[in-house]
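Heads up, there are several structures right after this.
Each of the next two complexes has subunit A plus one other chain: subunit B in the first, subunit C in the second.
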Partner chain A sequence: MAAQPALPPVADQISRKRDQGLHPAVLAAGLAVIVLMLAAGPDYLGQSALLELELILGLAVFAAATNLLLGYGGLVSFGQATFYGIGAYAIALNWMHWKLPFWLAFSAAPFAAALAAFFVGLIALRARKLYFALLTLAFSQLFYVVAEQQYHFTGGANGIFGKMIPPALAVPQNGYWFILGVAVVALLALWKITVSPFGLLLRATRERPERAESLGLNVFGHQLMAFVLSGFFCGLAGALYAVYNQNAYPELLDWVKSGDPVMMSVIGGMYSFLGPVVGAFIYEIARQFLVGTTRDWQLILGVVLLVIILFMPDGLIGQFKHGLPWRKGGRK
Partner chain B sequence: MSAILEVRDLSRQFGGFRAVGDVGFSVEKGSIHAVIGPNGAGKTTLFRLLTGVLKPTTGTVRFKGQVISGRKPNVIARAGLVQTFQITNIFPRLGTLESVEAAIMVRRRRTYDFASFLHSSAKVRAEAMDWLDRVGLADSADAVAGTLSHGDQRALEVALALSTKPELLLLDEPTAGMSPWETERTVSLVQELARTERLTVLFSEHDTDVVFGISDRITVMHRGQVIAEGTPGEVRNNAEVSAVYLGEEA
Partner chain C sequence: MNLQVIVIEGLSAMTTAASLFIIAAGLSLIFGALRVINVAHGTLYMYGAYFMATLFAASGSGWLFWVGLLVAPLFVAAIGAIAEVTLLRRVYERDHLVQLLVTYSLFLILSDLALRFWGTASLSANQPPSLSGAAMVGGVMFPAYDLFVIGCAVAMGLALWALLGRTMLGWKIRAAVEDPETLAASGTNVKRLFTLVFAIGSGLAGFGGAVIAPLQSVDPGMGQSVIVSAFIVAVIGGLGSIAGAAIGATLIGIVEAVGIFYLPSWAPAFIFVAMIVVLAVRPVGLMGQKLGY
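Presenting the complex of A and B:
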């Protein structure tokens, strides 16, 4: 008798089993209610809460886009801030130098990020695992250094500040609705990608790239496409940041910034689509809270992260799907 | 009859060790061809050379008249030469049905399809279900592939390769670790497909009972080299082959 194979260590994004997590219809209805409540935010939330939400919504897109690589593709990139930063800089640089309409810059921002992702991916994806992570990190630093040193073009370490968004968006409520609308559409698009044939094959490359290749899949091409798509949506998230904060500065491109969406994905759960979104909310709210109360907030965050990695490897959403004691019929 | 696969002077060196040395043979279209030999003979290495997973040190492989040695595994697979792996190589955290759907999507060149919903393609799902049925996994369609029993994972391994609709299927010890009943089912499926779909099968086994029953031709390997080739009858009566196998059992 051959030994029974070990259970897979973690759950997966798509499961036909209805006994895991919520029923899709319930989930969809719940999410619709949440979006409607967010849309009505200006009616019952104060100015600072709305601003905080603007930031988080962009970060949620950033995290979900990063998790396309991390959770679905099994690719650990520490360079996604490169594309986030490019998205923000696209708007800021256009405002400073080229003075094309904002809407044009906003539309072009994700494409600029995707183009950069294409070239970074072309090189980084040639390497395996650890070296991939290191190469993405190196590119992140490269873009950071360029942004910091090209003072006349990028404003150097100070970055670019100014009225870079049209007056209509500068009205607080409008800016909020715009960011909410774009974030929701972006998340829907990302989700659609994950449940398409492309998304399935991306998960197959995560599981066993050489097996996927033996079935006829061009794994490198597939991963490059995922990298470009991720870069696109990271760039869009960065453009949303420029709308929120009306600036762009080198730290947006930094590898430290690249760590944020990875941590958000780990906290929320990288094997479910909503994990990184939930993670973005938790991470940012916790950060705000901790920054206000203690100087050691990074230490506390680190400990929390460690606990999650050790005890909830699927993150909070994963835990909800198959670990809560009152849910019967979870994973065997 | 014509050769679908022609292997000439194929060698693979691992450091100073020659795992496959100057191997040459042809596989006739529509035949069931076996490669046998004791453990370590070089069968797995040979298969990996044929499917491009490993690069040959020297020699050429022609598939349907075209030189394929040196090409990438995905290109070779697309050309119609697909293998199963001796050490089960499935997608542990995908669903069983999903795994086969993935293979079908590759075959249908829908790898960059972002638009359709995976779970709404009734045609693909029905086909995937059909493959699972044929290998006896219909009841496990919803299971996570990595939780299947060893025998079922072997069956899924076969279903994955079959669902790409290869012209030449390489099975590396397909029945290793299968129960006699599972072995029987796999063998009869392979025979049926060879007949109905004109599928050519090249498989390796060290269980010689299976081999002699279903093969049209047998190539015998020992220490990286071909020591005999012929019909099951010829191989059975070959003195050198008997010596190798007796030596093994002693």
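Presenting the complex of A and C:
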């Protein structure tokens, strides 16, 4: 409540939990095996499974990039779809209006998103907590209505459809490998950011902003940097979406779309790097399955989300870590 | 631009402002006492509208409109009370992300249930015969129902002002904002008070939906889009301030009317720009107080 002093977030425990879970070498080896298995996917997976994976890989980048703000920066943004959508629109708009080479547009997309994130962050980060969340949401809707209204430029509510990727990428296997490669590199880069001195300082701004400030840390500057970096990778994820689906439409920018990576992070666990990635896989596979079998997938999603929020604050990954029997003794 | 155009544009702006205030007031009331942003507030508003539309489809006669206006808020208040007791009560002590996600889950669940009960087709509710004509205002003809909506908003604002400022219940609500522990120590059941506030706020959403239903088609996307307007109005005014919500609603009503008049295709973007500008200048909204969250 209002009178309550702000408790240190659950995240405070992250420093204690850091050494739990699998040994880093085991984890790295396991991840390498998973990536290799994914790379060999076309040998044993059907067309529809590959397409599904293409979508999930992009969403995993989207979720991990959002979690840079959410889990590491303690910044609840309900507007990351703005940058996801900009990434997708950069490719689609270039294809429709400017006809520059695809690779140029693909490379420029994350930078366009990062630039937008810089200006959005400059304004939104002045507000605190809830106001920040609602302000990012407003930006999300601003871009949404602009994309929907300016139909002569953006194709309006229908969006832009067309053969916007080079023929080489349109070959299913190539498209899959391309998306997998970009996603793996992007996730590695994001992971590097989180363990860099910048990433540690970002956590400091989340856990003790006043203290970080008094120690001479520029809290606003670090948060803005995190916002721009997150925007960059959200934009990249959006560009991957354009490669996967060859279209861009206003709903990509919507606030409900912004909720997706937040949910993925919460489901997987926002206080570990892989949580959002795992969350993206679980969320999307479950969604596909439920959409096929029941009309009430939103209801089930809502209930699952409630259970996780109320009973597993560290998400499924956190649950798994706590559940490792041989680690229990070491836990305080 | 002659005088008649100004009167008509002004009245349209007031109608927009009125419908925005009706939806934002409950949101702000709940936030003021509970410090919770209810993402599902727009969905509760949609339930009020669906209730009205269903009632109308059942009969179509005028007097049922007045029954609906009375019963829809109670129906939605009951949903709100159930949600408060089962879910929100558990997360008042948790941080704002958890609270946002709980109400977001509620939004998902209630939207899904609405789809299940009412389907994807859009419904409509007619205006009662007594309010369906036009009325003369300042020398121009203006839809009587729009005037009724403005009247409802004014009545709601006055009722909330009287409730918060002139009754024991209102004093307790304001005390709960400042210091729930002392209030509890002085013999008030704060838990029940919070349930009541959440139910009243939800009821206001239900009332808003019921009032607005005859003006637009009632469809499953309603809650999702209206909540954004409600946020904007409440945030511009300052979360938790009813007077702020009234100012925010008026501001947005005027901005939208001016936008539609001069630059129709950019008008929907203007309200977001208005919010962004206000928050860039005053990060806690016009009437908001700086609080520790």
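As a working rule, the second predicted complex is superposed on the first by the 307 of 332 C-alpha atoms of A that agree within 3 Å, B and C clash if a C-alpha of one lies under 4 Å from a C-alpha of the other, contacts with A are read in each partner's own complex, and residues count from 1 in each chain.
Please note the rule applied: a residue touches a chain if its C-beta (ideal position, glycine included) is under 8 Å from a C-beta of that chain, and two chains touch if they have at least 3 such contacts.
The model shown is predicted, which means the values in this text are computed figures rather than measured ones.
Looking at the shared chain after the overlay, A:Met225 reaches subunit B, while subunit C stays out of its contact range. In the superposed model, A:Thr293 lies in contact with neither subunit B nor subunit C. Of the two partner chains placed by the overlay, only subunit C lies in contact with A:Leu130; subunit B stays clear of it. When the two structures are aligned on the shared chain, A:Val76 is found in touch with subunit C, with no touch to subunit B. Of the two partner chains placed around the shared chain by superposition, subunit C is the only one that A:Gln141 touches, whereas subunit B remains out of contact. Subunit A is touched at more residues by one of its partners, and among subunit B and subunit C that partner is C.
When both complexes are overlaid on chain A, the residue A:Leu201 reaches subunit B alone and has no touch with subunit C. Across the superposed pair, subunit B and subunit C both touch subunit A at residues 2-7, 10. Chain contact summary for the complex, subunit A toward subunit C: residues 1-7, 9-10, 70, 76, 78, 123, 126-131, 133-135, 137-139, 141-142, 145-146, 148-150, 255-256, 259, 262-263, 266, 295-299, 301-303, 305-306, 309-310, 313.
Of all residues in subunit B, those touching subunit A in their complex are 51, 53, 72-74, 77-78, 82-83, 85, 89-95, 97-99, 101-103, 105-107, 110-119, 121, 142, 144, 146-151, 153, 160-161, 164, 177. Per the touch definition, subunit C reaches subunit A in the complex via residues 35, 37, 87, 90-93, 95-98, 100-102, 104-109, 111-113, 115-116, 177-181, 224, 228, 231-232, 235, 239, 265-266, 268-269, 272-273, 275-276, 279-280, 283-285, 291-293. The part of subunit A that touches subunit B in the complex is made up of residues 2-8, 10-12, 14-17, 192-193, 195-201, 203-204, 207-208, 210-219, 222, 225, 332.
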